[in-house]
Every structure is written in structure tokens, then in C-alpha cells.
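Order as written gives the chain letters A, B, C, D and E; numbering starts at 1 within each chain.
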Amino acid sequence: MSIIENKYRDNVIITSVDKFMNWARLSSLWPITFGIACCAIEMMATAASRYDQDRLGIIPRPSPRQADMMIVAGTVTFKMASRIKRLYEQMPEPKYVIAMGCCATSGGPYWQHGYHVMKGVDQVIPVDVYVPGCPPRPESLLEGFIKLQDKIRRETIATTKAA
Amino acid sequence: MESFVFYIFAFMVVAGGWVVIYSNNLIYSAFSLLFTFVGLAGLYGLLMADFIAATQILIYAGGVLILLLFGIMLTARKTSIEITQSNLPRLPGAIISSLIFLLLMVVIFSEPNWNSATNPGVKETVPVIGKLLMTKYLIPFELASILLLAALIGSVFIARREDS
Amino acid sequence: MDYFIQIVTDLLPGLDGLPVWLVIPSIMFMFGALIFTGISIYSLIILWFERKIAAHMQDRLGPMEVGGWHGWLQTVADAVKLLLKEDIIPAVADRKLFKLAPYIVFLAAFSVFAVLPFSDKIVGSELNIGIFYILAVSSIGVVGILMAGWASNNKWALFGSMRSVAQLVSYEIPIGLSILVVVMSVGSLSMRDIVMAQDGGIFNWMIWQNAPFNFIAFLILFIAGTAETNRVPFDIPEAESELVAGFHVEYSGMRFSIFFLAEYANMLAVGIIASTLFLGGWQGITGASSAPGIGLIWMLLKGFLIVLVMIWFRWTLPRLRVDQLMYVCWKVLVPISFINMVGAGIWIGLSS
Amino acid sequence: MPDLKTEEMVVQMGPQHPATHGVLRLEITTDGEIVKKIDPHIGYLHRCFEKHCEVLNYHQIIPFVDRCDYLAAMNNEHGYVMAVEKLLDIELPPRVEYIRVIMSELNRIASHLVALGTFGLDIGAITPFLFTFRDREKILDLFEMTSGARLLYNYIWIGGVAFDLPNGFVEKCFEFIDYFLPKLKEYDDLLSYNKIFIARTAKVAIIPPAVAIEWGITGPNLRASGVDWDLRRDEPYSIYDKFDWDVIVADGRVGVLGDSWSRYYVRVLEMEQSANIVKQALEGLPSDENVKSAVPRKVKTKEGSVFFRSENPRGELGFYIISDGSDIPHRLKMRSPAFCNLSAISDIGEGLLISDLVALLGSIDIVLGEIDR
Amino acid sequence: MESSEVFKLIESNYPDALKSTDLEGTEQSVTIDANSIVDVCNYLKTESELQFTSLMCLSGVDYEDKMEVVYHLHSLLHNHRVTLKVELSREDPKLPTVTTVWKAADWHEREAYDMYGIVFDGHPDLRRILLPDDWEGFPLRKDHVVAEEYRGWTIRKIKDGFE
């Protein structure tokens, strides 16, 4: 991912460094303020008073350069797809993607007849966590954050073992 | 230690000046002026002219340099970061600057009381400067301010004429 | 500084044998490192505070999970994460200037701390032109911001830096004029003298003297200081809804955190300068205390209070437009502070 | 120096930009900070709504109508359903009409709250956004109680509504109204009459009435320009003529007619009126009736066409339905209010500062789902 | 004023322009000749009794054998409305623009062009509005077949046995 990954074998020190680094990363996930459609409103509601994603240390940043993850909140169209790809490429490693809602996951209700709707954002960028729902409730999105944190917790900078 | 600090500042001044002259990128030239100014301020500081040093930074780094950079950025193509300059008239430049250098040398060495003094220690310079400006150098001081005022009004006038 | 040198030589008696040209710079370096650590820790704390205060103003809780009790490790995690991020330099950016800019901005913010009197004894250098030095040095940061905006080769960044520079250059004038009021009443540019002139309890503080001129000067200094640190309602250089993130839009990871650090260092500097000039510096409400630690605590407390008010501003007010910002400076603050200065001069002349 | 030329610069604002409220892209040519030309690019959220209408039957379209204007799903459903009912000639039980009006007006408040909050965000005030969202949650609670969903309800059906009001809804709704009306004062204190806010929005991006009509601007934006026109009063549909309420027309209180502040404040006052309507509707709510008694099992329309407009929070929402007699529309065109409102931006936005352009965009309150459909 | 009276006024002023009137169906409408639509619209907008100042809606419609453009006009002053129709051939749908009459027609006409390929002569900026510039085909035409892919991304993602 970043500078020091995949250079060392697994050992005790690496494990504790892992723990520390992963803790920092999962505790401060800054999403890029990027809402596309209906889900964006629920994403805003997640940031707002009642659900308050700041409790988990999640504050939105307007610039992709300063963001750690991207919440693809809404329907991805073909016109938009290349933009999303570019935004994703502008983000610094390590970066994560949450596909929020059915549209971002698979095209959702526009799956069959949507000639201009991309059937899942995973055709353009890799997705870490899929949050289902149309739109997902803020609770689901928070659950998605927690799932992503679990995923980060398992990361390691050691050389990946032969599977 | 003092001479060590002196060499650091002197290096900053000379290196900054070198980049100003020899860089092909106009922006680099402008930004390296910052180092020249700061180094110069450091030299003033070593000479116990602390007020002059601070003024040097305030006026030159904070004012003149910014104006210069604004000038470059606003007149040149904003959409590209490459602004080049050429240093074609090198020979005349060399002649003029060596002449100035010679003149300075003559002035410096013809001064009769040119003795090296010991470090006078930290003294408060601001009251002295203030008194001098208000007594002995009152007329040059006022003339300079009138000149600046005239320049200011003139530039405003030129800028405003466009509208009418 | 002398006090610090004395402490270090007392603690490490072996230093006497070493040559002076080696010892003094290394002690200076140690002092610098100490200040740097202090600023970093302070920034982490104040950031956490800001998030908590903002959250409670908005019917939220703010950071709650990271580190257990009320998310007190939140900002530490943020800092560590920023340091671990990939450091992107855009392909079209000017690499040299892009790398250099954050350091210049931070350098300007950091060198101010060299003369700030944290207490009677804890002070980097007791320059006799202290306050003038601060004015001068802080203007270097402008060059760094311009450099950052230009080198990013991003139009939003360029807009941001242009706005920022215009703002910083303008607001230095009311700051200078309101500082002059204090300097006139004390008769010295030295920070130490200014604090000493306010000896003897809360009613001798500079803010109450020369009524009402010093009070107006304090308000102007505070408003202009808020503008100098790019805080709401003067945060147009990084206006989120207009310029995405302003001059640091292309910066990521560590370089971005340096900008962040510089902003919070500047805030603390403004707080300490304002409290030194007007609120009695390291002296307590009843006057100076002889114990060395007490002065530092008073100083930080006052600085912190002013920073808190700035935070309060940020989460309450909308932001001004760029021309209104200039209007406020040139047509409101500058004339008022000028008249204020003249009035204070006359007052001082009459009362002496 | 009369021939000193400044270079013009083309800036891409969006599709990812905090001020564009979604995925709008503005290609703006600027001279310094002044906007010289705006070229809006839309369609980044074109979800083929009208194509879906040509393959789905009348009932199935309702969820897609929801997703067009996701901030005012109830209002959209109401408009669409009334258009189809006009084609079918259905007589509705009165209770259904009352429930629909309550839902539409509550959703209007919710939608305006988002508009207010995001407008504040555009101007740089962060806290009002969280306050409005806090109050909006209370409305969403009411919706959740009735329809089970927070944002997209699929609640208003052709000929009725999906469920009757749950037990305790009326009391909770009264409670909400009592809670909400004092909050308007809070917004006034925090934002509306804030000096900086007024300086940023009053006399900024003025839309004169003639220009507004010419571009087909409707809804609060039109009323902010001083045109006294509200479909709910002037072409009464549903049961709006039974209630006692006022059409809010801006009076240029702090600036001039048609400026950004007027557009903002019309919404604040409209929320008060909506709350009034809800209150009256709750008081006049007829007792238990079967809310699904008029719901047709299979929609069989006669051949023909209908154009029906209703007052959406963003303006006049029109549905043009051409039926060929089957249960699937031959053509359904949606006249979306935000589409028409936004089309004027290149005309109005010229000569503004970038900051004012942001204020203009925020004040006309666009929803990209509806613009791109 | 009732629609039928407006139709009579049009008939008396522009006898050649009027092709047919439909007073029977659910919506009264009048069909205008494509070439004189601008004149008729200008008349409807400026005539003091009518003053159709706002163009509410402009829709393209595709019948299998012909194309239609439908104008819904409304007068804020007199509060009356009228529906105009223009019939076009499917092979070469072309008619003059009404952007000179109402500016609001600008985006509506671009949309009709985007979706149906109807060409509005004299439109200042007739290009695709919703779909990307390099999109092929006019998706709302009844005979439109959705392409398999766009820029390498799959548009239709239909599994076997699922329709």
C-alpha cells in the first residue's frame, strides 16, 4: 500500500507495528464529500446530529487528496464513471471504497432498463464494503464503517504469505 | 560561532542571488529572492541592527516580494506554471555590475576611519533611529514619504483611468 | 534562554568541559525541539477540543470511540494516519516548490515562538524589538502560501493562495497599528517590558488603560488576528464550498498536516500575543507569581481562552466574500485603528 | 494602460465540488474572481427515468418517481398519482386526500430544511446545517411511522395510500408542529438575520420577475422574485382550497426582490405555512375510512393524454402522460422544476463573483436527481 | 380563456398554420404546421388577451409512425393554458426552434434532441444534454436497441434465464 508494505516478514515487531498503524488508520477514516444521488442525503444524515459519524472519528474532507475513503453514495452513470475513477486515483494510499446503496452495488432498481446506469461501481474501482439498501439507513452506513474498520484491522505490512 | 552564522547567511544571500540571475524559471528567481532577503536580514542582525533586520523582512519579503510575485502571476499565463526568462544581455550586465562594484570598492577604501570595532553589545536601536528620523534626517524622510504618496496616487490614477 | 541554558548545564554537569560553540547551539536546538513538541501536543489537544465543542454546539457528541474516554486519542490517530499516508506530488506540479512550501509556512509560524514570553523565564530570546520581529517574521508565511498555491498547478489552489495573500498582507496593517497603541503606552518594543508594564493585578492590564483606546485596539487586534490565521468568518482562502480546500487542495498526508499544524500554531501565537499585549502576559489576576510554572500556566490559559473564542466564531458564523473582506479591512479596521492610534497618542501625551 | 488585457481562465466546478449539491458540473470562464461565462453540464445522474416509464406499469412507476426528487418524494408521488387519477377519473375517499396533504406538506418542510441547511453550508455556516438536519429527523420519524421508510416512501398509491395512519400519529404530529414552529425563530437568529449572511446573500444574484418567467422558473424561486403565483391556491388541486393559508411572496425585506436572501427567506416562511396546513389538516382529518377502497387492482386507462402540474418544494412539477389504453404509459414526460430553474443559471450567473455564484446555486435549491432524471 | 377559444383565434389569424384540432380527448390540443410554429408562438406570447408568457413543458413524443413535439403553454396573467402539437416525420424530424420566443425552451429542446434526435433549426447550442457527447443512438425512440457496451463497460448485464 504505502512506503513500508511488503518489505518485511511477519514477526513480533511487525505485528505490533501493524496493530498501531491499523489502529490509526481505522480510527480516522476521512471520506471525501462526494454524494451522487439519493444515498447522499442519507450520508449527510449520518454525518448530522442524530447519527453523528464523528463519534467514530469520521469527518468529511472536500479534497480527494486528503481523504482516506470514498463513499460512492448513489447511482453511478456512464457519464460519471470516468470521473469517479479519476477521483479514486487522486486519493492517496491506503484508500478504501464503500459502495453505498443498491445502485452503487449493482445498479439497483435501474438494473434492467437503465441504459445509462453502470451496473455496479466495482466495474470501475475496487470496492471494500458493500452497503445494501435503497437507500441504506444511516445505521447501515455506520455498520458499513465498522465492517471497514474490521477489514483494516486485519491488514499487515508483512510480506503476504503464500496463500 | 558568529563567523559560522555569518557564512550561513552569506551563503544564503549569494546562492539566492545566483538563482535569481541564472534560473530560467522566472518564478524560481522570484522565490529565491526570499532567501536573499532573509539572509540579508540575518547579516543586519549580526551587525546589531535588529530594527533594520526586521524591517528588511517586513518590507522586502512581506511586501516587495509579494508584489513582484503577484505581478508575475497576474501578467503571465495563469494556466501554466512554466514562465521562462532569458538572460541575453549578459555582457552589458557584467560591465555595469563590475563598474558598480569598482565604485563601491573605491568608496569603501577611501573612507579614512575604517577601523574594526569590537562588538558593542545589544543596545536599543529603535529610540535612536526614531530620534534621528525626526531631527537630523527629517527632510529626507519626509521627501521619501511624499515620493511614495505620489507614486501611490499616480498608480491609482492610472488604474482608474481605464474605467472612464 | 539564559534560564534554559542554566537549567540544562545544571542537569548535565559534564557540559562544562565542552567548547561553547558546540554547547550553545545544541541547547538552542533542544529548546526549539521542546517548543516544537509543545506546539504539536497543543495542536492535538486543541483540535480534539474544537471537535468536541463544535459537536456539542450542534447537538452531537463528537469523537467518542477512539482511545476510550470521549475519544481523547482521536487527534493522535488522525496525526499518525496522516504521517502514514502516501505523499502525492501531482505530476503537473512544480516539484521543488511544492515540497518546499509547507516548510516555509510552518517556519514562519514557528519562528514567532522564538520571542513569545511563555513566562518570566521561559522565553526563547528576549529581543528588544520583540513585537516588531513577530510582525516581520509572520509575513514570510505569505510567501509560502503563494508558493503552495502556485506550485500545485491547480486553479482552485491558485485562487486560494491569491485570496490568502491579499488577505494576509492587508490585515497586517490594522494589527501593526493596534500594536503601536500598546507600544506607545509602554514605550518599548520588548515583550518583556510590555508585560512588566502591566504589573499588579487585573486592573493594571493594558486592555483597561488609556480608556477606551486600548480596548478598541485589543478588539481590532483580535479580529485582524482571526483573519491572519484564516479562520471563519475570514476563511475565504480555504472556503470549502467555493474553493474546495483552497491553497492546500493538492496536498496530502504529511505535507497537509504541516499546513494544519501551522494554522493551529498561528492561532496559539495570536492568542499569546494578544494576551501578552493586553491581558497581562504571564501574570495572574492578582499579579505575578514567583514560582516559574505558574506564569506558564497563566499564559497558556489566556492564550487558550482566546483560541476558544476563535473556535466559537468558526462554528457560529458564515464566511465573508472576498471583496467584503477587503472592505472590512481597508474601510473599517484601518481607519478605526488609525484614529484609535492618534487618539491614544494624544491621550498619552496629555496624561503624561 | 487601456490595452492591458487580463487572461481568462476556464475552471471546472464539479462534478465533485462541495457547492454543486451533487453531480452538477459547471464550466466557468473567469476573469480573476469574476465569472464571465457559465456552461452547465448536467446528466451525470441521468437514470433513464422516462425509459423506465415506458416499460413499467402505472403502479410500478411510483418508486421511480420517488427517486427523481429524493428530497421531496411524497410531493413527487402526490403529483404523479394525481396525474394518473385524472386519466382514470377516480373518486377518492376524503381521508386519503387529507393524509396526502399532511404528508406532502411535511415533506415540503423536510425538503426546505435541507435547502436551508445546505445553503448555509455554501455560505460557510456549518452549524445551521446540523440544526436543520436535527429537526428534519423528527419529520422522518413521522414518515417512518407511517410508511416504514426514511427517504423514499412508495406510500401514496394510485387511488389511495399504502397504509392508514398508525396509532398515535396525530398526537406525534401535533407534537412536532409545536416543537417546530419555535425553531423557526432559532434559524432567524442563527442565520437569516445574521449580518454576514445578509451581506453575502442580499442583493446578490438578482432574478427579476420578467427573467424568471421567461426562463420558466417556478416555485419559491419565482415567488422570491415577487410573482404571486402558487399552484396550490391558483389552480387548486387535492383539497388545498379547504385550508386557510397564505402564499408567501418576497418583499425584498433586507435587500431587493429576487435576490438570494429572498429565495432563502421565502422558504423559511413557507415552512411556517406548511406547518399551518398540516395543523388544519390534522384537525379536520375525517375518521376511519378504508384508505385503499379506491385503489384499482389493475390500472386500465383510456386512450389519451394528460398534463398535470403540482406544487413541489422546488417549483411546478408537471407530468405529461400519453396513454395508449394499456397499463403501461406510451410516453411519460416529467417537467422537473429544478431542471427549468437551473437552466437560467448561465443567464443570471454572468458577472457574479465565484462566491456569489455559489450563493446563487445554493439559493435556487437544485436536486440533481430531478434535473437529470 | 378556454382552449377552444384560443384555437379559434389561431385559426382566424393563421389559417394555413392550423392542421387539426382535437377537442374530444382528455386534453384539448391543436396541431400546428412545423414551419409556422414560431409565428404562432410569438403571437400567443405577445397578444394582450392571451399572453402565454411561460412555456411550461416541451416534450418529444415518438409514435411508431410519426414524431411529435408537444408544447404546453401557460399564462400567469390570465391563468389559462393551451397545448400545441407539431407533427414530424420519423426519418427527418426537423422544426424551427422556439428559443427566440421563450428562453426556457433552450434546455427542453436540447433534451428532446438528446432523447429523440429531433433537430431544432436555429437553436443556439444544440448538443446532447443528459447523455455523454460520444453516446450513440437516441434512447427514447421506440426502435432504439440498447448497445452492449459503452467505452468498454457493459451496459446490459442480463443473466441466462433471467428477464
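Here is the rule we go by: a residue touches a chain if its C-beta (ideal position, glycine included) is under 8 Å from a C-beta of that chain, and two chains touch if they have at least 3 such contacts.
Predicted, not measured: the structure shown is a model, and the values here were computed from it.
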- Relative to chain A, chain with the most remote C-alpha centre: B
- Task: Select the chain at the greatest separation from chain D, using centres from the mean of Cα atoms.
- Result: B
- Message: Just the number, please: Cα centre separation of chain A and chain C in whole Å.
- Response: 36
- Between chain C and chain B, distance of the C-alpha-averaged centres to the nearest whole Å: 27
- Task: Averaged over CA atoms, how far is the centre of chain A from the centre of chain E? Could you give it in whole Å?
- Result: 43
- Note on the structure: Expressed in whole Å, how far the mean CA point of chain D lies from that of chain E is 25
- Multi-chain contacts in chain D: which residues touch at least two other chains? 9, 18, 43, 46, 48, 51, 130-131, 134
- For chain C, residue numbers touching 2 or more other chains are 58-60, 155, 240, 244
- Residue numbers in chain E touching two or more further chains are 130-132, 139
- Message: Touching residues of chain A toward chain D in the complex: what are they?
- Response: 32-38, 40-42, 44-45, 48-50, 62, 64, 74-75, 77, 79-80, 83, 87, 109-110, 113-117, 134-135, 137
- Partner chain A, residues of chain E touching it in the complex: 130-132, 135, 139, 146-147, 150-151, 153-155, 157-158
- Item | In the complex with chain E, residue positions of chain A that touch it | 78-79, 81-82, 107, 111-112, 115-116, 118-119, 123-124
- Task: In the complex, go through chain E and note every residue touching chain D.
- Result: 25-27, 29, 53-57, 59, 61-63, 70, 72, 76, 79, 83, 102-104, 106-107, 115, 128-132, 139-140
- Query: In the complex of these two chains, what residues of chain A are touching chain C?
  - Reply: 1-3, 20-21, 23-25, 27-28, 48-49, 52, 54-57, 59, 61-63, 65-66, 68, 90, 92-94
